[in-house]
Amino acid sequence: MTAHSRRLRTDRRQQVLLGAAAGLYAAVGLGVLLMLLVSSGPLLLRVGVWQALLGVHWNPLAGQFGLVPFMSGTLLVTALAILLALPLAMALAVVGARVLRGTGPSLMTRGLTVLAAVPSVIYGWWGLTTVVPVVRRWSGGPGFSLASAGIVLALMILPTLAVLFQDALTRVPPTWQEGSLALGATDDQTLVRLIWPAARANLFRAMLVAVARALGETMAVQMVIGGQTIWQLNLLRPGATLTTQILTDLAVFPPGTAGYRALAVMALLLMAGMYMLVRISERWERTP
Amino acid sequence: MGKVLALWIAIGSALPAVPRWPAPRSISVMGASSVLAYVKAGARLWQRAHPGYQVVVSGGGSVAGLIELGRGHVNVAMSDIAPRAEWAAGVVGFPLGKLPILFVVNRRAGVDAVGANVLADILRGRIGNWAQVGGQAMPVVVVGRPLASGARLAVERQVLGGRGSFSRFALMQLSNGAVLRTVADTPGAIGFVEGERQLPGVVQLAVGGRSFDRREPNAWPYYAIPTLYVNPGASPAVLDFVRYLARRPDRARYGLVPLPRGQAS
Amino acid sequence: MSQPPAIRVADLSVWYGAQRALTGITLDVPAGQVLALIGASGCGKSTVLRALNRMIDRVPNVRWQGSAMVGDTDVLGPAVDVVALRRRVGMVFQQPNPFPFSVFDNVAYGPRLHGIKHPARLRKTVEDSLKQAALWDEVRGKLRRPARALSGGQQQRLCIARALAVKPQVLLMDEPTAALDPLSTAKIEELVRELKGRYTMVVVTHNLQQAARISDWTAFLEAGRLIESGQTGTIFTTPRDARTENYITGRYE
């Protein structure tokens, strides 16, 4: 057997192994989706999709499965977290990519990566001891609130977002930046007019990762949001998100009950929302 | 290519050889966290007297424990809640005793005693300000537990009497500790916790003229009754284990009050 | 268009930290003429070029001595406005570096920086610049296409058009054809000859024939020192210094 044909065989084996791993993962993912569809199907068919989703009353023991309070809670909390984290993360990224010199950027990346690995329950604890009292003093309410959850989430996604932003900015080739400077652009103009547009796709993808983390985060949010199931839009009042409500009520509904199906619908909603975001980001990438 | 397939087949056929849980000489217990500490301690002592047996104890909540018992995945379920047929049908219960449910109020509310009906109306959300019951002018914040909580179910049955449910504006906390902390920190908050315990930073509420006293636990009316459930065909070892736990005299150290004679099974 | 300025570099020395990159360089480029800088890699050609539009500022711990007059301004002086300088002194790089935008937005980048917003004016500037860079005929009607879909040679001419769009007086070119095929190279050389007179140009090149074809003046650098400079014809036919002769006849080292 020649060395070449041996190498080909190794290649083929690697392909089979990698293919099998990818296939396994795809099967597990599809399995989860299928399970959720099968679990939620009967409920969706019975009361009709829109009635199930658009009700504002959650009282599963009385047969009310309105998910609007949780959809609204998830959207508000995620939006607040992104709004708060975005400028801070961009500031950190700009400092890391353009201001710091020498070992500065890599030190910063290391620090942020460590922060990104802090378990969410620690962020929740911080929220409980710091954010909730501040919001309480501020609003006069109980402090457990959508705003507290948004602030805790913002801090939680900040390191991830900053590292990904910094990476996106440093991926813009230095020759482009030189080209811009040589045309008489200042550093700020180069950032706004060249680097941001050039890094747009990567920046958006970074945001998507942050949104995904914010959407899916459960524990840290549950600790500070208050878990109230009435639909209301005041950020300073308590609320609940899709994930916290799944956590709260999963233990009481065995598979096969209507409540369990409602929780499956909530999980499906999260996946559908994420899929839509991915599609939007793909549209963004189809530009020069 | 052939070798890779063989490898996969080998891994696949090895999987069923992993021991099934529960193994014959092991006893698995799952359910309410309110008696987790007691059951774990008791299991250690029981194992010492029964060499060769291994008891595995895990939490997960009353309902989860009952469901797993109903499916035959565990030998024993710990539950504060009576089993519904759709969870586990025909199971046999061994009560461990009574676990007091204590009502706690934030210090700034300025209230340390209420009548039973007033307590019910506060929890239902019908009394919205502590000034209405002689306390400070401060809104009432009810701190509850999720639907899956045995304590919540007991409070709904014993305090609310099945008429109306908790305030829709109640905050939800997942554990006794979280409830306690929330009540201590939130002005005007009221909540309930299971088990006799240290209650730092909160006022323990007297209800209907009675307050909980560990020397006279049976004078306090609000209890959950954590119970061990087994399937009817449980093995002698499993039955021995649950009977042992239901009779151990040191239950009081874990806040469990022995049931008066005649109430025990 | 105003008359392009002459360039006079006098006794220029540059240090990168402790390392000396240039030693006592003195050079003249008459207004509207082309100077070719030749020499081995690392001899300091690019440093001379980058001193003229102060791109050397981007190197940490850079220091310099001496002066470099572009017209009446010493571009190395402490009070010089670097942003304004770079509008006067445009630069084209070794690797074509079009931005990831459309052809139009590439050329309009500079004018927009400097506040031109009016669409018709912008369009006129873009068209004029592309015509000057001899690219107009190839891209007309395709101005909205991504610049990076152009060929390498077209991309380099686009970069020249982009530099011309801010109406500079001087053009610096750092090995502008090093990454291009011979046909594209020929087009760039032709373009340099056409632009001569309107712009004073300094071109760094490794290609000696190219230097001979496009430049009026040639300077030979070695290890950060100017060995010889003069009219291109003279340098290539009767160099005074043996090191220059060795280099241009290929007997270098």
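As written, the chain order gives the labels A, B and C, with residue 1 at the start of each chain.
Going forward, a residue touches a chain if its C-beta (ideal position, glycine included) is under 8 Å from a C-beta of that chain, and two chains touch if they have at least 3 such contacts.
Just so it is clear, the structure is predicted and the values come from calculations on it, not from any experiment.
Asker: What is the chain whose Cα centroid lies farthest from the Cα centroid of chain C?
Answerer: B
Asker: Can you name the chain whose C-alpha mean lies closest to the mean of all the C-alpha atoms?
Answerer: A
Asker: Report the inter-chain centroid distance for chain A and chain C in whole angstrom, where each centroid is the mean of the CA atoms.
Answerer: Whole-Å distance between the two chain centres: 48.
Asker: I'd like the Å distance between the centres of chain A and chain B, where a centre is the mean of that chain's Cα atoms.
Answerer: 34
Asker: On a C-alpha centroid basis, what's the spacing between chain B and chain C, in Å?
Answerer: Centres of chain B and chain C (C-alpha means) sit 80 Å apart.
Asker: Enumerate the contact residues on chain A facing chain B in the complex.
Answerer: The touching residues are 9, 12-13, 16-17, 20, 60-61, 128, 132-133, 136, 142-144, 222-223, 226-230, 238, 240, 247-254, 256-257.
Asker: Please give the residue numbers of chain A that touch chain C in the complex, ascending.
Answerer: Those residues of chain A that touch chain C are 101, 173, 175-176, 178-186, 189, 193-194, 197-198, 288.
Asker: Can you tell me which positions in chain C touch chain A when the two form their complex?
Answerer: For this pair, the touching residues of chain C are 53, 55, 58, 60, 83-87, 90-91, 93, 95, 97, 99-102, 109-110, 112-114, 145-148, 159, 162-163, 166.
Asker: Mind pulling up the chain B residues that touch chain A in the complex?
Answerer: Touching chain A: residues 1, 3-4, 8, 60-64, 67, 86-87, 141, 146-148, 168-174, 178, 181-182, 185-187, 189 of chain B.
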